[in-house]
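Here it is, the structure, as structure tokens.
Chain lettering (A, B, C and D) follows the sequence in which the chains are written, and residue indices restart at 1 in each chain.
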Amino acid sequence: MRVTIYNEGVHEAQEGSVTQRLYPQGMHGAIAAGIAPLLPDAVIRHAQLTDPSHGLTPEVLAETDVLLWWGHEAHDRVDDAVVDAVIARVHEGMGFLPLHSAHYSKPFKRLMGTTCSLKWRNDNDRELVWTVNPTHPIAAGVPSPIIIEGQEMYGEHFDIPEPDDLIFISSFSGGEVFRSGATFTRGLGKIFYFSPGDQEYPVYHHPDVHRVLANGIRWAMPTLPPTTLDAPMALRGWFE
Amino acid sequence: MRVTIYNEGVHEAQEGSVTQRLYPQGMHGAIAAGIAPLLPDAVIRHAQLTDPSHGLTPEVLAETDVLLWWGHEAHDRVDDAVVDAVIARVHEGMGFLPLHSAHYSKPFKRLMGTTCSLKWRNDNDRELVWTVNPTHPIAAGVPSPIIIEGQEMYGEHFDIPEPDDLIFISSFSGGEVFRSGATFTRGLGKIFYFSPGDQEYPVYHHPDVHRVLANGIRWAMPTLPPTTLDAPMALRGWFE
Amino acid sequence: MRVTIYNEGVHEAQEGSVTQRLYPQGMHGAIAAGIAPLLPDAVIRHAQLTDPSHGLTPEVLAETDVLLWWGHEAHDRVDDAVVDAVIARVHEGMGFLPLHSAHYSKPFKRLMGTTCSLKWRNDNDRELVWTVNPTHPIAAGVPSPIIIEGQEMYGEHFDIPEPDDLIFISSFSGGEVFRSGATFTRGLGKIFYFSPGDQEYPVYHHPDVHRVLANGIRWAMPTLPPTTLDAPMALRGWFE
Amino acid sequence: MRVTIYNEGVHEAQEGSVTQRLYPQGMHGAIAAGIAPLLPDAVIRHAQLTDPSHGLTPEVLAETDVLLWWGHEAHDRVDDAVVDAVIARVHEGMGFLPLHSAHYSKPFKRLMGTTCSLKWRNDNDRELVWTVNPTHPIAAGVPSPIIIEGQEMYGEHFDIPEPDDLIFISSFSGGEVFRSGATFTRGLGKIFYFSPGDQEYPVYHHPDVHRVLANGIRWAMPTLPPTTLDAPMALRGWFE
């Protein structure tokens, strides 16, 4: 199980930022520390915006079973060639977990085909994450609700395609609701979007969030060898 | 457009009840008065528990395009033969709108095949009804959110099959969420479950609720002549 | 992994029947022999119509993780109390695999809420079973198409609710198509309907069919302890 | 109802081609002639590759409620700026009907986020188009099956996201199956993919195909004014 966490790393690099204070090892570091005990068979690596190819070289992608993606400030600075390569790997079977503000990342928008727009408010709302699909593997061992004391609000309407499975719905103290955990399939790749998590709140230290992410990674693991999907001519009776 | 509203009528019959005060014409009367201007081509009739066959004789059902169902106290007093006839008509194409506590009505439970269980609290929560499917005909002209100042709380997990379309998600001031508007197809019948509405709150006087119900009725209208679905033997090449 | 195969056993009991010749150990015996090597951790038992409680006593059901159901001639002879118990166990989390003509069995019809009607023809059609959801665990290791040289035709329109996941679509030499592998969730129970298999064709000796059934059983395993779903009152702030 | 049919027009321009013989008015002409009597309130116009902006100028797109798209040879010659404009209009609410080989068109691939790959064979298969969703408005008045005497084969696996609604499944005389009619929502735009139709077969003269396309256009009509979906900050209590 080879996991790569892309974290753009922009907020962490700002001296004196709340992100730096909350996440001295980076958000990716907090995520890695949280999921590692739950995925003892996983090798976890880190990629960031300032690495060559943002750390997502063809070699790294070829060796990645599941890619987590955290981005916010620097969506536009991600190279389209890297995005193309990520999309191609998802189509081949790589799992993909876009996190929180990655709703507006290039790979997620291209895989969804929608605007991925939503409402938001950075005002320390309490978020409650309710399970609506209790038998889904991603919900295993997750309390309903997860209680997140402070968090950015993300609200409907969230412009995404109808999910394969809707697993979590959040409410916020301001009254908004949000489809906060949802799965999709694109090509042979399984995608799990999960919104809780923000650079200004300690959400990535929350053990229930670690559980959800670990479950999501395990669920998104490829089940087939990497396969390029193309459009072959099929002779009559080719299967006989 | 022939609409029948089944309302068990138990709460309204209790002298001095809050229901009697809120709904002097009955909840069915408030619903009928609210939707009539929005469905000028509709003939609306009323059926209740104490009528012979609960008002749902074969003749009435045969002349009903869409059946609304409000029940709460008297689910168990509904005759199974009437339930069978309602189910048969849904399978033939009749539209069906179970309302609020009808989540536990016999016809809805049988059409869903699940327990239809949920959490609840009668404590004057504010309910906000958010649209998550803005292009669905049932959402046309409906503000997001609908604001319902006082209402019983219905919360997840709501044990229903995955809906064909999830249209509304509610939040409550206590923090719970609920899939409050959802569609299903059973046989040739279209079903729209809508939870806002209660015998102790004036929800059925709310103009946005009238709009949703009118939209739901129009959406659930049969599109085919009544047809009994059976399992015919089909000779090879029967379609040629 | 505790698997129970209910096979009514009526066709096998008819002296000189084609079923007896094709399945000297019964269809359940052929299924058990086929899946056992693929599910080495499974304990497989058999239940039949003529057993007390059709072999599905409360004790047996309590000890069953996944129930397979084959029925055809004797749907109506299945005791409603046993059906109630099966449904209750599915709602609690037991997996359920209705096979072929079990589309018309009492438990499947009640869990679906539809008529479950379809077209059919017993005329030795070749059935090709195509995978349309290649990353689903039930499709793992299954060729597309599975080639079944002779089989009863089942054709659309198949009156089922929209499946959670549509995995297989079959074509028949007569030109018909059928949604032959589909999943549903009811309560906490996972359901997989798979149509290939008939008492007059040797389909249950087909290794690809064994693979699908073994995958389906593994997929339908309960992930939570048995839980009765009910409708509790939830005090404000109960989760804090 | 303002309908625009984009037809690249490459096959029709080849002197002596089978397309020219089958479709002296172009495939768009055959489609327009077929749907016009079924959509008496429609204004139908035509756009083609060799027009400035392929006939899809901002003005034309702004005046288009539903866009049909036929392309095959010249997918790569479609200007990305035009594709961007089409996508933006779909997100704003314009209906979109990609036809047959438009599975590989730029707009469809971008709206789906998948490879849109499939199997194919140009060998005069008979295609049978079966309805699996008989109450969907797109199936109204459509026989099941539609019989298309000669047609290119399109077969699974078709790499598309799980459709909102699967309406038609085709079989071919070679035994393959294909999800030939499926709907999607992207932004506020409704999308209906329909595969029957080819430049070398007279499918666009088939009255049942006309019926499906007319139904699809009516279904895909925008229900809201054109709206740009963006991500506004929402002050606490903004809705009160």
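Structure notes:
Operating definition for what follows: a residue touches a chain if its C-beta (ideal position, glycine included) is under 8 Å from a C-beta of that chain, and two chains touch if they have at least 3 such contacts.
Please read these numbers as outputs of a predicted model, since none were measured by experiment.
With contact taken as defined at the outset, subunit C and subunit D are each touched by A, B. Considering every other chain in turn, the ones in contact with both subunit A and subunit C prove to be B, D.
With centres set at the average Cα position, the gap from subunit B to subunit C is 32 Å. The mean-CA centres of subunit B and subunit D are about 35 angstrom from one another, to the nearest whole unit. Multi-chain contact residues, meaning those touching two or more other chains, occur in subunit A at positions 128, 134, 145, 155, 157, 162, 164-165, 175-176, 185, 239.
Of all residues in subunit C, only 126, 128, 130-132, 134, 144-145, 155-158, 162, 165-166, 169-173, 175-177, 179 touch subunit D in the complex they form.
Listing the residues of subunit B that touch subunit C in their complex gives 91, 104, 110-115, 117-121, 123, 153, 155, 157, 159, 161-162, 164, 174-176, 184-187, 229-237, 239. Against subunit A, the residues of subunit C that register as touching in their complex are 93, 128, 133-135, 137, 140, 145, 147, 164-165, 185, 188, 190, 223-224, 239-240.
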